[in-house]
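Each structure below appears as structure tokens.
Look at the two complexes coming up: subunit A is in both, with subunit B in one and subunit C in the other.
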Partner chain A sequence: MAVHIKRSVKLEGKTELMNNSIHYMPCQIHTDGQASVSKYFKPSIKSQDGNDVLYSSFRGYPLMGKVISLPKGYKGIVAQETVKPMTEGAERNIHVMHTFTSFTYWNWDKPPSLNDALLSALDWIDISEVLHSESGDTSG
Partner chain B sequence: MPRIKASPKKCVKTSNSQQSSNTWVFLLKGEALEVPEGFAGTGTPDIVQLRHPQSGATAMFLFSPGDGMVQEVLTFSENRRSWFIEESVKSDGKMHLSTPIDPIFLALPYLRKTSQAMPLDQLLKDEEFPETERLLRSISLKHLNQVADRKGDEDLNAYKYNEEKTLSWLQRKTERVAEVLKQKGIHVSGGAVSATFVKSGKSEPSDSESYLRYAHGIVSEYLTEDLSIKLLKYLGLPEEKPSECHGKRKLSVAQYGGNSNAAVPPCAPTGELFKKARQEDLANGGVLDLTKPEKDLMADLNFYDVGAELSDSVEARNFLTCLHPNIMKLAQSCVIL
Partner chain C sequence: MADIFSKEKILSAENLEPHFLKHDNSKNIVLLSDVPKLCFNEPCVLGVDEAGRGPVLGPMVYGICYCPLSKAENFKALGCVDSKSLTEEKRELIFEKLCAETEYIGWAIEAISPNFICNSMLKRQKHSLNQIAQDSTVGLITKAKDSGINISEVYVDTVGMPEKYQEKLSEIFPEFKVTVAKKADAIYPVVSAASICAKVSRDRALKVWTFQEGLEATPNDFGSGYPNDPVTKAFLTKNIDPIFGYPQLVRFSWSTAGKILREHCVAVEWSDEEDEQSGASKNMNITTFFKQVGSNKRQKIKHTFFTVRNLDVLDAL
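Coming up: the complex of A and B.
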């Protein structure tokens, strides 16, 4: 069984998502689908001079956020499966609907820092690069 | 008009949950998406299941078109996270992180299975994981001579595992990981690393041995237990010094409610080596379940025993999730889609 990652036709001619279009929210929102993000959420985002922390609020809760750029060479994709597999173990296709190289990371009322699990998890990328690249030296 | 239902407590799941279950967010190394130059096939980047080299359990991997590159898919999952993507909301806040993995790690358990030279295409045959044969096309397998010796005709492509070479190859990797840990200033010295891994600016200077030990823990995530222990010896890492160990043990006991296994005497006989290796992992900040080390060892020994796999897969995931604070929230993914 393999899951094939394909480009969606919808992706043609589309530029990557800007970081103000993809937000990693610090809450569980129990719904999926359309939402007027640019009408109700985006206008509340403010930045202050002199630091890179963003401020906003969502349903009355104060949020603090930061734009996170993915490490060099890395890419974010949002992929969707349009046809559910009929049987278990069948070949499947998912389609890339969006791509991004940065996103906005939000916390409740505290500025994002390396104490955040996700941001420190990104350290793993640098470590894995070193661990899994072919060593320059040769032997045997 | 579509509404954002966000009040965390009151809200009920709507029937429109379809979209959540069929959309995924991945961070991956871009190369995996590119069709390599001169590749004429119609391949796509493919996510497949392979045997994890440490545990033998099912794990997810991503092959680039033409299978030239392999990435390991880890899952970042934190409670209470959701996505806003353009004008839509996605309730499932998981993020899948895909990073390159040296395919030799994946081939190693198959090479070690036999003491004879065997053609590579036969070695990498796994009935339970048919996709394993993709490894044959992974470019870096050309570097297989770093862990094995080619035998017979070149056409035969037969290899025999060479432990001395393997350990030397692993040593180089471990040393390079230790170097990057040092550069990044990741806090590795035993006592100061808590399970919550608070990065503090005022870290005490860590000696190179601590970095090496920590790097050994990271490399060991891709090795079976026995090879991991052999590597520790090969690196010449001494067993925990009593004083150091004392501090760590205190921490461990405090953290894990006086788990008796966490208090293995620092200078136990070699029979205790296994437990000790585990204890080091613990000292590295892990929240490892030390209550069943023997069972875990058995699972490793029964690498190809199907029966051992179910429990093993759970253990393996806990292991990775907990072992390294810096990748605390990353777990191997058995099933992501």
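Coming up: the complex of A and C.
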């Protein structure tokens, strides 16, 4: 089975990153589709002087968040599969609709930290780079 | 919590509106009158009451009102009776009279935002409405005390059991004679006065409510907020978003709101932290330790570095 990742025509000529619109939510929302983020969620995001923790609320639950930058050289993609495969093993086409280099990570009522799996998973990128780099420092 | 000592003095219900308008209504706000000079010296009586505890929308407002003991009789003359027996116009008229007696009457209110209420009740460590009510009561009395008012007696409308609550408040404020009673606003005119300050503030806060979600609606559209009000019910059903639910005017943690939410919105699951942590080991079946995997090759076990980070090799979508 081959998966082709293609740039969407919608992305052509688009240099704007989606940095301010990607939110990682601490809950599972059982739907897939559009959401009125600008109307309901963005206005509820507040910050306090002197710290980089953001505060918001979703369905009455208190959220604490942080803007997370992806490691240098990496880019996040928002992908969409417009035509679902009819049979197992069929070729699939995934279209990249948007790109981003940072996103907002939200926790339910606790500040984001390296105890959060997703944030500490980003460590792997640095570690794998060291592990896979060609020239080794032989002194150790 | 933002404290506002109003530069433009609040002398009527209408004067409250610009303060609510300027303020971010997802947060709490405290408004205080000037302290009359007389109250620094003479022993004072202070009443506490609330408005908007039951409604599914809008702020819950706590109010205090105080004056020298020697003048306490005047509350009756100013018309302070059980606020529920008064019309909105009557309440606002009495509020204006209370504000006018700057020589000997002072007051303060705290409007606790609906967002603060549901965020507190839906914290990881739940904070009940009674706890919020108690925090606000203690906060307002402390503010009055710290501003130099010579408080002697405190009268409070009860939250839950009056005996227990009185004991608790007496412990926090051993220097005051604290009386907690059911329906205190109908018994003690100073509590009626506090209740009027609270109720007038809640009504005005709702009148000028600015929806950060861009909705255009007035109290005529959302009603009293009491769950049995058909206008409120219609508002809750009409102004619902399948993902986000309600605007922040609504207390999500109320059963009425929750019921309509479950019926009209997509399901949302909040992962429980404890489940998450014990999940990995719980799901492991003891027989897996004895299973022969593949040929004689030892099964590759993922290092905890990867398991704690939810990292996995992905070879299919």
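As a working rule, the second predicted complex is superposed on the first by the 130 of 140 C-alpha atoms of A that agree within 3 Å, B and C clash if a C-alpha of one lies under 4 Å from a C-alpha of the other, contacts with A are read in each partner's own complex, and residues count from 1 in each chain.
Here, contacts are C-beta pairs under 8 Å (C-beta built on N, C-alpha and C of every residue); 3 or more make two chains touch, one makes a residue touch a chain.
Everything quoted here is computed from the prediction, not taken from an experiment.
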| item | value |
| --- | --- |
| First (subunit B), second (subunit C), both or neither touched by A:E129 | first |
| Partner chain in contact with A:G73 - subunit B first, subunit C second, else both or neither | first |
| Contacts of A:A35 with subunit B and subunit C, given as first, second, both or neither | both |
| Greater residue coverage of subunit A in the superposed arrangement, subunit B or subunit C | B |
| Partner chain(s) touched by A:D109 [first = subunit B, second = subunit C, both, neither] | second |
| First, second, both or neither for A:H98, with subunit B first and subunit C second | first |
| Touching partner for A:H4 - first (subunit B), second (subunit C), both, neither | first |
| Partner chain(s) touched by A:P26 [first = subunit B, second = subunit C, both, neither] | both |
| Which superposed partner A:K84 touches (first subunit B, second subunit C, both, neither) | first |
| Touching partner for A:S47 - first (subunit B), second (subunit C), both, neither | neither |
| Footprint overlap on subunit A, where subunit B in one structure and subunit C in the other make contact | 1, 3, 26-31, 35-36, 40-41, 58-59, 92, 94, 117-118, 120-121, 123-124 |
| Complex contacts: residues of subunit A adjacent to subunit B | 1-6, 17, 21-38, 40-41, 58-59, 70, 73-82, 84, 92, 94, 97-98, 113-115, 117-118, 120-121, 123-135, 137-140 |
| Contact set on subunit A toward subunit C in their complex | 1, 3, 26-31, 35-36, 39-41, 43-44, 46, 57-62, 92, 94, 108-110, 117-118, 120-121, 123-124 |
| Subunit B to subunit A touching residues, read off their complex | 1-8, 11-14, 16-20, 22-31, 33, 44-49, 72, 74, 76, 78-91, 93, 95, 97, 99-102, 105, 131, 140, 143, 145-146, 149, 162, 165, 168-169, 172-173, 176-177, 179-181, 184, 186, 197-199, 218-219, 325-330, 337 |
| Interface residues, subunit C side, partner subunit A - complex | 24, 26, 115, 118-124, 212-214, 241-245, 247-248, 251-253, 261, 266-271, 305-306, 308-311, 316-317 |
